[in-house]
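Report on one structure; see the data block that follows.
We call the chains A, B, C and D, going by the order they appear; numbering starts again at 1 in every chain.
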Amino acid sequence: MSQIKSLDDLRKIKEAVQKKIQLREKSIDPEKVIQIKVGMATSGIASGAREVMAFLIEELEKRNIEAVVTQVGDMGYCYAEPTIEVTLPGKEPVVFGNVTTKKADEIIEKYIKNGELIDGILPANYHTI
Amino acid sequence: METIKLTIDKKNIEVEKGTTVLKAAQKAGIDIPSLCYFSLDGMKIENKPGGCRVCVVEVEGRRNLAPACATEVSEGMVIKTNSMRVLNARRTVLELILSDHPFDCLVCAKSGNCELQSLAHRMGVREIPYQGAQSTYRKDTSPSIIRDIDKCIMCRRCEMMCNDVQTVGALSAVNRGFMAVVAPAFEMNLEKSPCTYCGQCVAVCPTGALTEVDHSREVIKALADPTKTVIVQTAPAVRAALGEEFGLKAGTLVTGKMVSALRELGFDYVFDTDFAADLTIMEEGTELLERLTRYLNGDKQVRLPILTSCCPAWVNFFEHNFPELKDVPSTARSPQQMFGSIAKTYFAKKLNIDRKDLVVVSIMPCLAKKYECQRDEFKVDGNPDVDFSLSTRELANLIKLANIDFHALPESEFDLPLGESTGAGVIFGTTGGVIEAAVRTAYELYTQKPLPKITFEELRGLDGIRSATVDFDGLKLNIGIAHGLGNARKLLEEVRDGKSHFHAIEIMACPGGCIGGGGQPLHHGDVDILRARQKAIYLEDANKTIRKSHENPYIIKLYEEFLGQPLSEKAHHLLHTHYFDKSTQIIVE
Amino acid sequence: MTQIKMHLLVCGGTGCRSSHSEGVSQALNESLTNHGLDAEAKVVTTGCFGFCEKGPIVKVIPDNTFYVQVTPDDAEEIVKEHVLKGRKVQRLLYLDPEREKTVSDDRHMTFYKKQIRIALRNCGFIDPENIDEYIARDGYMALAKCLSEYTPQQVIDIIKKSGLRGRGGGGFPTGLKWEITARVQADQKYVICNADEGDPGAFMDRSILEGDPHSVIEAMAINGYCTGASRGLVYIRAEYPLAIKRLQIAIEQARTYGLLGENIFGTGFHFDIQLRYGAGAFVCGEETALIHSMEGKRGEPTFKPPFPSEHGYMGKPSNVNNVETYANIPVIILKGPAWFASIGTEKSKGTKVFALAGKVNNVGLIEVPMGITLREVIFEIGGGIKAGKEFKAVQTGGPSGGCLTARHLDTPIDYDNLLAAGSMMGSGGMIVMDQDDCMVSIAKFYLEFTVEESCGKCSPCRIGNKRLHEILEKICKGEGTMEDLEKLKNLSQVIKDTSLCGLGQTSPNPVLSTLENFWDEYVEHVVDKKCRAGVCKSLMKYTIDAEACVGCTACARACPVNAISGERKQPHTINPSICIKCGACMEKCKFNAVLLQ
Amino acid sequence: MAIIKLPECKVNQLKEICKSFNHDSGELINVLHKAQEVFGYLPAEVQEIVAKELNVSVAHVYGVVSFYSFFTMTPKGRFPISICMGTACYVRGAEKVLDEFRRELGVKVGESTPDGRYSLACLRCVGACGLAPVVMVGEKVYGRVAPEDVKGILAEYSNL
């Protein structure tokens, strides 16, 4: 560890370490940021949900978008795995089916960034715990 | 001087900033009762733990009551010392203290002289409503002091004396809460502690928790035994204080009445420790000159400064705390022991009786003397040179016991030969006196010239540590004086560290010297009493025709007939001693 | 690189560790490794979550899943189901007792709903042994701001404006205290943190030190800057080994970063902190006693004035605040005094941490805004009284506080209201009692504590409290008289009025408040010789229900003192003058015929 | 004159502790903590040496030792049992648990069993109020202890 010699040093360290707990910071009030839930039941995992989740976490951070990505169990859309649910602050949740990394990229760019609705939206008829 | 205006019981008064409410009230003529508070003004001795809560008063604007002893006055303060709230609280607190105190006033050694008892009397306590368990402890008897700490009220005066003033560290508050009490480490006996028996704890104890070991019964027994010749010696400070026990003003000299009283009590000979004090000067003065001469002749082995050794508590102190310096003090025994030694040899021979049939009693202002006379090195075949040592207080009790009207007694003279003394012997009773007496003699012996002026004002006073330089006809003699063992410790540390510039140091364990001894009438914190006693001692000196020890004709005769020279082999054998290492030893197994 | 997508926060507070939370962390870590998930999810040991009732607690982030009473054996399931598959482990979720539904997201738990966490902001959120996590939460930013942007007086003014009052008991305005210490001229001054939390049943300060030690260190440094002190001392109970360890680690890390030591932030300000250990004396919570203890002496208080601000440790001016007070400071600096003052009541600003314990469903550590009512605390946050029993009293302020009753339930909690109600804020103990608690015995219990903890220096506390306790014992034994009740009153008043320090000045509070609020119960003990709660054994009587007794003689044979007589197959009777109330008969009786009344 | 006998290594250890605190009498309590860690308790000999090393009177050291409940002059049992008597534990029945331990072990609070196996003590709040009443045996914490559990707890240690 290096010594902190000034306020700037402290700020730099803060920025560097903030990521470590960002996950927790965002969870304090998840409604204020974008919430993304990834269906992660066995079928989801088999159809690549884990890769999609990793992609989302990485890309959102790269693109400086504050979001909480959580995993949930079976969403009840076996026909459209992997599924993800995106909730923009103050809006109703929207569920996307058959999400690949490519599709995920599109969701980020269009729906999350600009609120544009895109293909693949599923009717909201499920309950998560 | 910044002053503060305040109101106490509707009286407007103005006092110096920093004054306590207790003292401010005193100034206004209001005597707030107090218990744990104790001070010897001007001697830097003060005990104000604010613990007993007897002196509480009501301060306007304050939520709870304030202890008058610890609360400093502030501008515009309005104080009530006698509101119902105060009176009820004070009484309840006192009742609580009494509820944890044995009810054996009738047979208590302190009865009649107990501050707790007088307080209960003053407040008219007639019952103890809050009765319950009492804290009880083991009773402890040492050669000098009895601790009956069931009677301890946690005023902490003894602890303050033992630690802050005397730096002896034998006592400390121990335990917590209801079982808190002042005791030696591990609540062991005082005898196993570094206690010096200076008796200052006894001198300040407001109750019967700390008292002296009473030897008057043994003395009465000896007086009643027709086979025994009983002789008595009286220490110089006793005559300056004994009168107080009979209602006389402090500082009244009662030498002649005291002698008469002792005769009435049946002592066969009434002698004076002052005689032995003169003898001490002969030995100690000569020792000083001897060491000094060796030193001036370039002897590197010689230990200077020389330290006086007539105070037994002081001897105990360095044996416990500075054993590495045990060859520094003079080897001369104390006057009490010199007297005993000469009485049981020289005088017994004169009477032609066996030492076992001669009982030597000493009247001392001191409690350490009780221990001193029991030391093994002052016994011959188990028979002590001094059989019993009584305190000034015990003597007063004996006189009262014997129905002697002290005031009506005539003035009488001491018996001879061991009753003749000089002014030098008398001043042993106060701080600075021993060294002044020694200087009077040493000067004339060293310079072979008569003293131009007999008194040395520069050596007198009540400051804890004093120093002066005396001109011995060109030889500048640096003299140090300390009274109170805490002050002594400071000088001792200088000696130990090789930083002392003194040639001779006088040390007395008690504040004020023997006039403030642990066996004296209780002064209850009145420093004027000590001053008056000191004045009386110097007056007695001034009244004497002979004021230098080496001019005492009976001392001269004693050397001619019996001892030969000071520091002779016989003198060494009878009048000198050696010291022991009493410090805690760690033995590694 | 795989991103960490999940944090598993495991409570590492003393409470949860007592129920083996360390084993849980270990098991979680092992399981994550076994499943190859250690790069995706991370186990973090945090400070106390406060919900000690149901420890050990594991909280899963980011979905705020709150698992309770987790054992090491549960780790595998959590990892396999929740971490891997996103399925919450139902059986470990908290069950809301009122709605009888599991609550998965702790934000919806009534226990947390009314809480505002300022002093506890980082407890249960960050890893207290990692300074980076503290810095990530704006840690040391307040110190940096003070040193670089404010004068000491400006900082003091901020604290004054915030209205923060000492959280240790007395409620003295913190800013004013700082100002007094700052004004005294001296060559050396000290910043002292009182972490000698001795109230039985209170663990606020410990939880802060265990969960967020840096907040205290930072605040002490800020105080050093304000008062001109370069040395800080934390007086901490030796009975808090974990808090000591975490504090030591935190001090080391702060030193390594140069946040303690010479020339902090390059501003020429020096400050460092040392620890001093308490050794089990409640009275050392009093600041003068604490200072004596730090000096290696008996922890006896001395009369004030002089106050430590003028004449403290080693005779030097010393600012003494407790842990919780310090923990509030950095936030106040960063968020501003107005924000802080917007929380709470007119004279008591901000929040207060309480250790809620006793007969409530949710025992734990809570932080609530000043002005919340006792009802909200006990019945909402605390989840009501255990086993559906009836609320009887709540004792606030530790042994020096008083017992409040149902009629105080809607009193907003702040310094002044509690005092007016005959209790006090104290350091924040809050013990709830139900119908099974005898209020005379409760008063006796507290007095027993005071008697044991009195230092013995002043007579009213040393002897007076002992007498109070004796009288209460007498009453509990059924030997009390009405005169004794008068004695209790007078004695209590005098002890309050004359004792040397805060301990004695408040020790009769449990007696006075129970006398005031439960007078009938005292009278019952004294006059009717009855204890309605059934606690005072001496007032209880064993009898035999003649209808239920079949005369089997089992009880008579079991009685060690032959107090039971009766013919075989006839109802037996107990001679109450012989009975020693050992209960052997009741244990032996198979027909529930022995009654205790 | 007090004579103290202690094994050399212990004396040296004590001296080392005092030295590590610069023989500062203000550190007396920290020194005593360390000494108790080493010896398990603070017998008179240990206090004498500490007094000597820190240059304070042994009465003062004892005054401090006897003031703080954390310090003890009697050795603890091999399995020290502490019952929490904090308020939370008290209202949830700690006293009955204590009574049971007293009965089972036949010792009073503050005493050790004659074989030195167990010692019984009360303490004030371990901070596990959620688990009240709490009992500690050594470092191990037992929560929600009922009088009936006492036998079982003791049984865990009877063969160790």
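Here, contacts are C-beta pairs under 8 Å (C-beta built on N, C-alpha and C of every residue); 3 or more make two chains touch, one makes a residue touch a chain.
Nothing here was measured: the structure is a model prediction, and the numbers come from that model.
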item: Between the pairs B-D and A-C, the one where more C-beta pairs touch; value: A-C
item: Averaged-CA centre spacing for the pair subunit B and subunit A, given as whole angstrom; value: 89
item: Rounded Å distance, subunit B centre to subunit D centre (Cα mean); value: 43
item: Whole-Å separation of chain centres (CA-atom averages), subunit A against subunit D; value: 54
item: Rounded Å distance, subunit A centre to subunit C centre (Cα mean); value: 40
item: Multi-chain contact sites of subunit A, meaning residues that touch two or more partners; value: none
item: Per-residue multi-chain contacts in subunit B, two or more chains; value: 173, 175-176
item: Where subunit D touches two or more other chains, by residue; value: 56, 60, 63, 67, 69
item: Arrangement of touching chains [line / ring / star / complete / other]; value: other
item: All chain pairs that touch each other; value: A-C, B-C, B-D, C-D
item: Touching residues (chain side subunit D, partner subunit B) in the complex; value: 1-8, 11, 44, 47-49, 51-52, 56-63, 66-67, 69
item: Contacting residues of subunit A [partner subunit C, same complex]; value: 1-7, 10, 13-14, 17-18, 20-21, 23-27, 30, 38-42, 45, 53-54, 57-58, 61, 68-74, 129
item: Subunit D residues within the subunit C interface of the complex; value: 24-30, 32-33, 54, 56, 60, 63-64, 67-71, 85-92, 123-132, 134, 141, 143
item: Subunit A-facing residues of subunit C, complex; value: 2-7, 9, 40, 61-64, 84-88, 90, 104, 125-126, 132-133, 135-138, 140-141, 144-145, 148, 253, 256-259, 265-266
item: Contacting residues of subunit B [partner subunit D, same complex]; value: 163, 168-176, 183-186, 192-194, 581-589
